[in-house]
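Chain lettering (A, B and C) follows the sequence in which the chains are written, and residue indices restart at 1 in each chain.
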Amino acid sequence: MKQITRALEAIGDTIILMVRSFGYLGSIPRQWHRLIEQCYLIGYTTFPIVSILSFFIGSVLALQTGYSLQGFGAESFIGAVVGLSMARELGPVMVAILVAGRVGSAITAELASMKVYQEVDALKTMNIPPERILVLPRLLAILIMMPVLTIIGNVIGWFGGAVIAQYVPFIGTDMDAYFQSLRASVAFKDIFDGLVKAEVFGFCVILIACNIGLKTKGGPREIGHSVTRAVVVSLILILVLDYFVTKALL
Amino acid sequence: MNTTMQSVRVGLFFILGVALIWVIFEALGNKSIFKEPGYTLVAAFTDVKDLKAGDEVRMAGVKIGAVSSTRLKGRTAEVVLEIVPHVKVASDSVASIAMAGLLGNHYLSLTLGSEEADFLSDGGRLQSQKTSDLNDVLAQIGSIGDKIETMMEDLSSSLGGISGGGEGGLFSKLDKLVDENSENLSQTIENLRTITDKIATGEGTIGKLVNDGGAYDDLVAAVQEIKTAASQASKLTDDASDIFAQIKSGNGALGTLIYDDDIAQQIQLTTTNLRELSEKLNSNQGTLGKLINDDSLYLEAKSVIGKANRTLDGLGDQGPISAVGVAAQALF
Amino acid sequence: MTTAQQTSIEKEPVRVKIDNLSKSFGEQVILKDIDLDIAPGEIFVLMGPSGSGKSVLLKHIAGLEMPTSGTVTLNSAETSDPDTFAKTKIALVFQAGALFNSMTVFDNLALYPREHRLYSPQKIREKVMSTLRILSLENAANKHPSELSGGMKKRVAIARALVMEPDLILYDEPTSELDPTMSATISEIIACLKKEVNVTSIVVSHDRDLSLTIADRVGIIMNGEIQAIGTPTEIKNNKDPLITEFLNPKIDLDNPRYKTLE
């Protein structure tokens, strides 16, 4: 019972935080530098790890598909399998998980320590709402950066698959056939659906990270707890949301 | 970190993302979102099957547009197509619904039409043609099954008529034939039983073949015997063909055999001979008798069977796999 | 303090009125029926032992905590109404500084005027630098708070409060962690602000010398209750044994209580 109340409270707090933050949307031109800074931290610095992971996920997909299908002469399907699964599912989910682990945790840690060391209180006494300068730029930054990260992840993943398809002996499709099959089965709607999913995941991850950070009470130990909780909640939510968003987009 | 540098990097990064989305959008072709406005054509069918909005329209296999909607109009189902602007469709082009794969994706197929025909303009109506799909094929197979069933029923009822119908019935005649020769037959069976007993107790080649693998006798002689047997057999077949010729030249094939009293007597004679033959077989006379009572053929037979086995194994290794391969190729 | 003088004419110092304020966290009662009336422009020093609820009371005045019962009124506007803080500029000097760690000292000070768009960037720069000079911090302008010593952080926190040109300044232990010279400087600044800018100041402290020199009135709080209020002289002459013991603690080198430690 207590847990349910607490969960509902957390959901309510998160929604209130979102509404309040977007209430300050008008302040964005003045906060342009903060938006750019957050875009840089969320997007640009996450780019290398997204690239590396996407490449290997694409490769593994191609390898597994190639291995499973080699007896059936259906190696030409690899492009389709890698193309669709990266675009529709693995791209968005993987980027969201990386964002939760890399950006979400950092945001929670930063905001939680600001809360614990009374920086948030200081902002309040200065009559500067924390939602305006701490939450809103981050939410907008993730909305701008998430599609970019996801599309880069998709493309790099596709190339990872192509490299495997071409150079692993028992698969031995050439890149042309691979991309032919990919193009034949991936529609732009698949990419678009993937980007919508990524947007939803990214937004939720950052919102949760901000909320849990700002709700931290106590001392330095609680900062650690908050970070753990933010990451765990984000990961669960990504997978749960994945089901519902996918269903809604079908 | 210099703020200008930061802005520049974020800007470049963002442009890279947008550019990638654009490139992919272009590369994947105009499938949805921003469609080129084309012109519409209408084709009427009695059944549009699984065809739905968004399915491809192909002319001679080349994609030239998409189905924009399907609707009912009176007693027909109409398909509205959107054709890309630069493709002209001849007025005698025929539309049919085709299947893109075994898994049931349909598309609308247009024929090229004749060269001299006019082109259809916006809103024009296409001729259509009913095509068979997998369902129709299955339905046909079903009707073939029905036909076979009625055929079998006819056959069994006619056979019943023969057996049930009094004096002239085929089976009653056969009954009589068997009755008259029952003594001979029972003796023949008796002899056969002795033979099988011998086989069971491991006597002779066949007996050895069935019961034991120990005897390795007189291989060459046995092969010789087989040769003799083969030449005798060829004689026998010659005789048999003579007999058939005689039957043909007689009062008409089976009818004569069954209704003629002379023939009946001959059959009696034959069965008597058969009895003698079986007795002979039993007593180790003649080639077949040897086959039953002697075990010299055992080894030869065994090696032949061994060879046959190896051949079959070889077949087994390649046959089914390549068959699956072919099936898979056809499927995908 | 030339910049402060320019604005002193328009300034309306704040009258702080606390009625029947009680606060409890769950079962634990922190503050019991506090009544206080602090006049505009007054320097009020709140003294008391650790854990007596001084800082919590300060947070109530700043609007960071809401009372369980009772009210806090700033110039006839209650703190439960968020608009109060738009009308009244309050600066709170936190005990630990509460500086923004991600920003330089300069940006810490500039944040308030920038966010509220009080002046042109040029003017903001001048104001921030002059304030930093008052507290001899001009060399620290481009440093991050993590590079500063505890005493410097405290001075930056005070500087940040001064840049806001507040109507009410709340100091939470402004002189703890500071050497005697710097403590004296802080005391001078507090007293000077009253004279020059006509600002109401509430100082939470257990620094007896500071309190008794600069305060207009002193309140002594113990276990969440006000024990005594009065001018420094009145407090010094108070005969209550609890208060005299608190103000003049005797160091007994042979206290039998600690014999067991040996």
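Methods note: a contact is a pair of C-beta atoms (placed from the backbone, for glycine too) under 8 Å apart; a residue touches a chain by one contact, two chains touch by 3 or more.
Predicted, not measured: the structure shown is a model, and the values here were computed from it.
Undergrad: A-B versus A-C: which has more C-beta pairs touching?
TA: Contact tally favours A-B.
Undergrad: Which chain's centre, taken as the mean of its Cα atoms, is farthest from the centre of chain A?
TA: The chain farthest from chain A, judged by C-alpha centres, is B.
Undergrad: Centre of all protein Cα atoms: which chain's centre is nearest to it?
TA: A
Undergrad: Please work out the Cα centroid separation of chain B and chain C, and write it as a whole number of Å.
TA: Those two chain centres are 97 Å apart.
Undergrad: Averaging only over C-alpha atoms, locate the centres of chain A and chain C and give their separation in whole Å.
TA: That gives a centre separation of 44 Å.
Undergrad: Could you please state the distance in Å, as a whole number, between where the Cα atoms of chain A are centred and where those of chain B are centred?
TA: Taking the mean C-alpha position of each chain, the two centres sit 55 Å apart.
Undergrad: Would you please write down the residue numbers of chain A that are in contact with two or more other chains?
TA: There are none in chain A.
Undergrad: Quick check: in the complex, which residue numbers of chain C touch chain A?
TA: 59, 62-64, 85-86, 89-92, 94, 96, 98-102, 111-112, 115-117, 164
Undergrad: Which residues of chain B touch chain A once you look at their complex with the stated criterion?
TA: On the chain B side, the touching residues are 1, 3, 6-7, 9-10, 13-14, 16-18, 20-21, 24-25, 27-29, 31-33, 324-325, 328-329, 332.
Undergrad: Can you list the residues on chain A that touch chain C in the complex?
TA: 30, 110, 113-114, 117-119, 121-122, 124-128, 133
Undergrad: What residues of chain A sit close enough to touch chain B in their complex?
TA: So the residues of chain A in touch with chain B come to 33, 36-37, 39-40, 43-44, 47, 72-74, 76-77, 144-145, 147-149, 151-152, 154-155, 183, 186-189, 191-192, 195.
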